[in-house]
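Each of the two complexes below includes chain A, the first together with chain B, the second together with chain C.
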Partner chain A sequence: MAEQKNSYYTQGLSVPETPAPGEEPAFWKQTHVVGKRLPRVDAYERVSGAAVYPSDITLPNMIYGAVLRCPHPHANVTKVDVSRAKKMPGVRAVITGQTPEAKKLKWKYNDYSGPLFDTHCRFEGEAVAAVAADTHFQAWDAVRAIDVAYEVLPFVADHNKALSDDAPDIHDSGNLVGTDEYERGDVARGFDAADVVLEQEYHTQSELHTPMELHGCVAGWDKDRLTLWESTQGVYAVQSEIAEILNLPLSKVRVIGHYMGGGFGSKLKPGKYTVLAALLARQSGRPVKLILTREETYLCTGNRPASTMHLKAGVKKDGTLTACDFTCTGPSGAYPAGGTALVDWQIRDLYACDNVRCASKDVYINAGPARPFRAPGHPQASWALEQMMDDLADKIGMDPVALRLKNIPEISQGRNQPYTTTGLKQCIEKGAEQFGWKKAVERAKAHNQTDTHIKRGVGMGACVWFVGGGGPPSTVIIKLFRDGSVNLNMGASDIGTGTKTVMAMVAAEELGVAPEVIQIEHADTETTQYATPSGGSKTVPTESPTVRNAAIAVKRQLLEMASEDLNVPASDLDYEGAQIISRNDKNKRIKVTDVSRLKKRGVVVGVGYRGPNPPKKSVNPFAAQFCELAVNTKTGEMQILRFLSANDSGRVLDRLTYDNQVFGGIVMGIGFGMTEFRQLDARQTGRLCNRNWHDYKLPTALDVPVDMESLPIEIDDPEANNTGTKGLGEPVTIPTAAAIANALFMATGIRFTRAPVNPIEMRRHLTAKKEG
Partner chain B sequence: MGAQNSDNNAAKREGMTRRGFIQAMGTGAVGASLSGAALAASHGNEPPEKILSAKDTVKIHLHINGADRAVLVEPRWTLLYVLREVIGLTGTKEGCSRGECGACTVLVDGIPRYACMTLAVEAQNCHITTLEGLMQGEELGPVQTAFVEEDAFQCGYCTPGQIMSVHGLLEKTPRPSMDEIRIGVSGNLCRCGAYNNIFRAARNAAERKIK
Partner chain C sequence: MLPDFSYIQPETVKEAVDALTDDAVVCAGGSDLLGCMREGIITPARVVSLEALDQLKGITKTPEGGLAIGAMTTIADIAKNPLVNSMYPGLAQGARQVASPQLRNQGTIGGNLCQKPRCWYYRGEFDCLRKGGKLCYARRGQHQFHAIFGHDNLCYITHPSDTAPPLVSLNARVLVKGPEKNRTIPVAQLHVAPSFNPRAETVLEPKEIITRVVLPPVSENLKSSYRKVRARRAWDFALAGVALALEMDGDTVLDARVVLSGAAPIPWRSSAVEKTIIGHQLNRQTIAAAAAAVTKNAEPLEKNTYKTYLFEGMIEEELARFTPRDQE
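Up next, the complex of A and B:
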């Protein structure tokens, strides 16, 4: 056993010094576990089928739920007759707006609150009734047997027409959700000072999250206590909303979400389906599994809103940006949901510019409400700004990389305060160098001079992400058992980014224990600690400092305990992983596993809390991406040849999961720029035309380049937090589409202002260009 | 693949769509709709003895991961539903239920096939292998190990299907080229975008299996 005990420790590696009680831990100068390429601690579960996702749950007596949804974009429900459905084989619960338990319940969208079942259906896919039956198939039979009558109303599906006089009012207040305005300096004077002023309209289409695991949950009651197995990014967020809606104490709502199959922002909160599952379970007295169909997820689980943007920008001959004037209209959908949220942040913050004006208009349309989608607003504005930068560079005869480097801001202009660190310059500079930017440009231009219908282009884009520094609250508990093995308890979800793995690495770094010995308990409101949802690129900078604090709390207690065994004050002792040693007398040492009070108690419990972020400073990640592609000018087909992403996200915790996330962000950006768009039948029916993965095309293995490179720009950031980390998940996808568009311009001479650019769109432009 | 690739590649790659994948692999959406005919052909062309309504349950025998299972199913139940909800083999995932994403890929007589597009009654007398069937006791099989080493997933939900596709590919093509790998998994969507690591894992697995 003795040898086994020792194997729990990373032999021969030093452990960071334990700060005295009340002192902050020092910044890691050197790390031994953190920063390595470590396969995930839960990889076995994920590749063996042992990982139980919420949609995998089966419980004794469990039945299946299904939801009847309004097939019209705008309608009043005039009749719901469930008498036939109730008699269908296997049916055990039916709920409509008239069901007493459902009648008084409210559902919220931001500040808006309305009935759970609103007879005024404002989007296709709004819930009208729900049933539960013994099998999934019987539940759907029953849904089809419900007799509903609708009074179909005029609709508006185009956000650019939402405010016109002939558009029907979606809400009594009209179709304007709200406006947002921002101004610094004097834009008119800025344009006067410019040598070149350009303006352009840009459009991006609505993008749908479509995570691989469908949205949904399993709900079960034990008398007055509700348990939910929900596919979610945040168990505590689901708990608090459901407790509020159902008027239950938080202690009576348990939410479990150990595994989840992707969310990208669409699973930050519960869905109406969560409430419906709970009601069906209550009525039937059985656990209910309610997993949406793929088609339903296209209609009602959120989207990245479309945008219509206008950008006017001025530049001096030397490359100094003098003014930016930006407007955007975007749709929340049928309810307030952030149709233009954060859409102007790139304009406000990314490049140095004294005179900036931004105005955005969020409007209602008859379509499913938006939800946050990986860097809300940012890829849209990046599509406009990064293309504008290239056009300005072209007009003043400057290299696009050089123009961006000319306009690196010293502080966060959007917040008017310094960044803790900014790697924007290094991302652009080192990224360009690693990519071989200059040679690639020369090579593409020379290639395009030759007589070939395959044209080449290279392009780039840079970005800042609005937040990404994380922050309180978060609590983590680390238990060190008497054999030296460790249990790490946190509420955060691992949405596929490797959260569990990197937290095990942080604990291993501090405690000198091998990461494999650390067992993670997470994402369960009953057994794990409070955490905010995993989203906004904040999980690592929020949770990793908390984990470090919890590990330090364990070490401090062990030193106190060992001081009794060794008869020296704790302040004289060093925790060195496997053993604790006196600084003054190296002969005075004890194995951690021999510490008397640890042996007696069986465990040491360390509690860590997330400390505050630095006051009056902004913590932001930055990135620059570079792309090379080829265009077949006869067919309109495009092939991305390679991509490089240089990211300043502070310290890299696990290089393996870090690179994976970088590549994933590029893939999603390729979707935004080249393949994905929600197509509403805006003129005739208002209905969604492409409600499946066949008609709504995600990038496949054949659409992505094999040659992708991740270049971390690691800048010490001791001010940001005690692990020096910043978020990664969002910046990796912000400039991708714009970098592609810039490369397409070099290849074809066509400025693609409408995303996405698929082969049909490319062909259309090529023909138009040819015909002049 | 670098910038030096031949000019025709853009056209070639784009041309190989999912339809191409199906033609190349004989699997997927079309494969599933063909599967009835294919199975009928392989088991004789006699007319069915009895027409069943959707509500009748029938007893069928499935040969899954080397073991025989007798289950009562409605004729409309898919193989996916029976695997997950009746038998409890939840390693096979449901992503779309209409032959688009490949999360439910299983091997039917050694060929990757979408379980959501195969009726359970159609799968009688076939050898079905699911992700669980690649395990050797508690130990991971070579493709699974390669996926761990190369971090060939993020959320892990498409992963069982990706692994089954790679497994099926390597059974037929032990030394696949990069293009063969990409085509081999092009019927499996990954929304997290872990494709590049999946390619690496397929190479890694090929090397492991050849050793």
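Up next, the complex of A and C:
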């Protein structure tokens, strides 16, 4: 086969040294592909519409599913009569709690297990029955023709009332999901040692997951084998849950998720809709497409739970934090779902403090269960902690940046072990420098002295993310064909972050081939390798070392093969660009594509595994964000003028997708801080008020500053893994809202303890301030 | 999911009016109608589209020297029209602040005037007063976006249009074609207060169609503007808005029409503000008095008292724009 011009670099680009068998690869000192700004390898498919998402799937004979959902936040189903629906035109399957196939099935929420169709409906949107028909329209007509009777029960929608005596019990066990407590040092003594002690209550709202692609799947049976095209963050996670629920061998459940339109944590697992689609498909003998409506996803596919937090903190005049006492109540929703999961991690781990106490209470309310929402728990506590830090700084007359720098911990206090690397200090320091913090503060304060009702503020916040180091298991296979082109096979999903592109770059770096000749095959349980779901900002640190190992496995085999051609031992060989040469005799060389056994076999297959993380060390990313904004103190309107995010996420693999993650995180943080909130009709019906994109307000292009800057803080971290990478997707959204709140304080002198701060909230507080 | 309906696209206005049976609705741009149909708020058997009626599209000068805007003219076309911008900047500004670019390209001025309210109880599965139920859920419920004026303690929607307030302030009229007769209605009288009928938004009869919006000639002294404050900076309805049409002689206000959006179930004319400024120099004292006057007679609910202060701040800011720069 003719040598492809771009398959192998011919300019003698250096390829990293191949480690001897059994040896770990050396840390990349200098890179040629990694770190550049490479557009996505699948950009054409995504932009042109050629990419096939699960929502785009159409199969021969495919029919459509629809779900009847309980319209009340709390009710008993007393009757479900499907006789009329069954006779409707086009209807091919109807399932309820009485359908034999469904009756025995269980659905789990964390450690809670209940019937697939529970007659006790605990939230608005709980599934009562499902149908499949030849068209969408027929399916929905049939849903409406189902005759259901409900006994409506009293509900509780407010997590702060869930444990009160007059709140109805959502479960027999009561409304407490669980508590979590943590303590180190002696908080009381810490407060005694403080010069200033402050305490404050903070509230954050519930946010609803709004990925562009709706939740859902297409399910089809081939005899006893189920295939699911699911919009998911992890095909193997869907496979294992569905196999367990339907009692099928893993080998009989194939899950395909090549493209997916966002998940943000809400698609880490299959939905009840996945099971329903499989059951409807089995009953009808047809493939069934069941994609939820936006209204349905808002009711039942997850949320960031609201929080009510109390934080008391003490500081010495020199800025030393002496104690933090934190409590939080948050709702799981109607079933156990981590209502306060990870909410106290910022308090435990971010700033040096010897005396810390945290207590959280997770409660049930009659609303859709939570699901992980980009950095679960973290933006909530950041909202409290970062505002408190600013208040403490103000009280002791210290600059907020300086106070934070004073309290950089040397180890992970939450885990009591060192970090492999911590860039917290550099993120704050270099971020402040690049942002022009001091000048910006002076400028804003001077501006606010002038006779204008448009006030300015700058604010900042920092963060640590709970995980982000990735880890095993992960398996990747790289095939190098005889023309030098490459196929990279991995199970991980690209959830929109650019995983495929980044992995192609890692393979290109190690093999010396152009990224364009690397074809990625991924996210299919039948044809690609086991991977854990893409979440927790761990895909890059998990998969990229594995990809590198697989590439090295290819290179080792090629050296073995070349040793036959060159008659020297493989240990004497290494790469020089697209050639393999003898270290001792530079005249002995052979082009990779000329290696005899490669030509004969046609392919070399390298398998890579993810090795373990370093023992007794934490691998965590850090960030600091800075913002400048303006407030119209007559109308309460706000405009964010600029944002800077300094991130320590280890090595940058693709600067383009890296920056885009940063900007996306800021946008999402602006939604959390300023625009988004779930509104339940808590005082009357308990139902969701805002279930469309007008009433549920995502930030628009005009709510986001044009001036956003990404400042990577790259610190060599060879201990973390062989690519030196840490996660990025979540830290980028943790301190955003808190930085905004701190800037609003500088602009208005008002402490906004309740998120989001939209013009309504702003105008209320401006009035309250004026009236004293 | 849309219900079954038949779709008719007449080629003349008369055909359109004739096609309007009792169970039919008019579709102009459709951006609001389709949402209402999908949500089951309106369940027509027949949709009569005005799309093919080219005679209802476009902006022309009237013999009197005003402008006639065809009811099917898109909001985007109005926003960028040079005549509208030079003669009626308030209307152009209103049009520019409607929804999003996509919706402005699709939505029409006729449709914008006949919008259904955006109240989340009305749009949601709540059997509310306006949809034939017994109860306005907003009153005891979540009403932070709702009306502080003119709700008659019956229905607390705010009228969603950003073009109606400037049109009222500019003394515009709509021409209406019905099965028997044509009529002209001042935009100020087009919309319906809850006490008159809590289930209707306009005075249009079921078989009537707005064909044109006619704006009277403007004097050189007329200054107009529209300002809107919203919860997010684009694609949102007004928390509070104000259309100003001021006849100025130097810095003295000869005549004024001040119409609020986001305030009441109809575009809300604030005669309190008008009285405060008419005949006065537009200076700091007048503006402060006008801002204070806007909240007079406001009847906010528990969670929307902020609106009174918002209107106050906005009126102050907006009126100040019409004071000569070098004054004081």
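Methods note: the second predicted complex is superposed on the first by the 762 of 772 C-alpha atoms of A that agree within 3 Å, B and C clash if a C-alpha of one lies under 4 Å from a C-alpha of the other, contacts with A are read in each partner's own complex, and residues count from 1 in each chain.
As a working rule, a contact is a pair of C-beta atoms (placed from the backbone, for glycine too) under 8 Å apart; a residue touches a chain by one contact, two chains touch by 3 or more.
Please read these numbers as outputs of a predicted model, since none were measured by experiment.
In the superposed model, A:760 lies in contact with chain C only, and not with chain B.
By the document's definition of touching, neither partner reaches A:395: not chain B, not chain C. Once the two complexes are laid over each other on the shared chain, residue contacts for A:443 go to chain B alone; chain C is not touched. The partner that reaches more residues of chain A, of the two candidates chain B and chain C, is B.
Of the two partner chains placed around the shared chain by superposition, chain B and chain C are both touched by A:699. Within the superposed three-chain model, A:689 lies in touch with chain C and out of touch with chain B [touch as defined at top]. Look at A:52: by the touch rule set out above, it reaches chain B but stays clear of chain C. Look at A:260: by the touch rule set out above, it reaches chain B but stays clear of chain C. Applying the stated contact rule after C-alpha superposition, one finds that A:184 touches neither chain B nor chain C. By the touch criterion stated above, A:137 is placed in contact with chain B and with chain C alike. Taken together, the two structures place residues 136-137, 632, 635, 637, 639, 692, 694, 699-702, 759 of chain A in contact with chain B in one case and with chain C in the other.
On chain C, the positions that touch chain A within their shared complex are 1, 4, 35, 100, 118, 120-121, 123-126, 137, 140-142, 144, 229-237, 239-240, 305-307, 309-310, 312-314, 316-317. Across the complex, chain A meets chain B through its residues 39-40, 43-49, 51-53, 55-56, 58, 89, 135-137, 209-214, 259-262, 264, 291, 293-294, 440, 443, 452, 454, 456, 495-498, 628, 630-632, 635, 637-639, 641-642, 656-657, 660-661, 663-668, 692-694, 698-702, 704-708, 759. Taken in their complex, chain B has these residues touching chain A: 1-3, 5, 7-11, 13-18, 29, 54-55, 74, 76-77, 81, 84-85, 88-98, 100-101, 103, 130-132, 135, 140, 144, 147-149, 151, 153-160, 163, 178, 181-183, 185-186, 188-199.
The part of chain A that touches chain C in the complex is made up of residues 71, 136-137, 140, 453, 632-637, 639, 674-675, 679, 681-685, 687-692, 694-695, 697, 699-703, 758-760, 763-764, 766-767.
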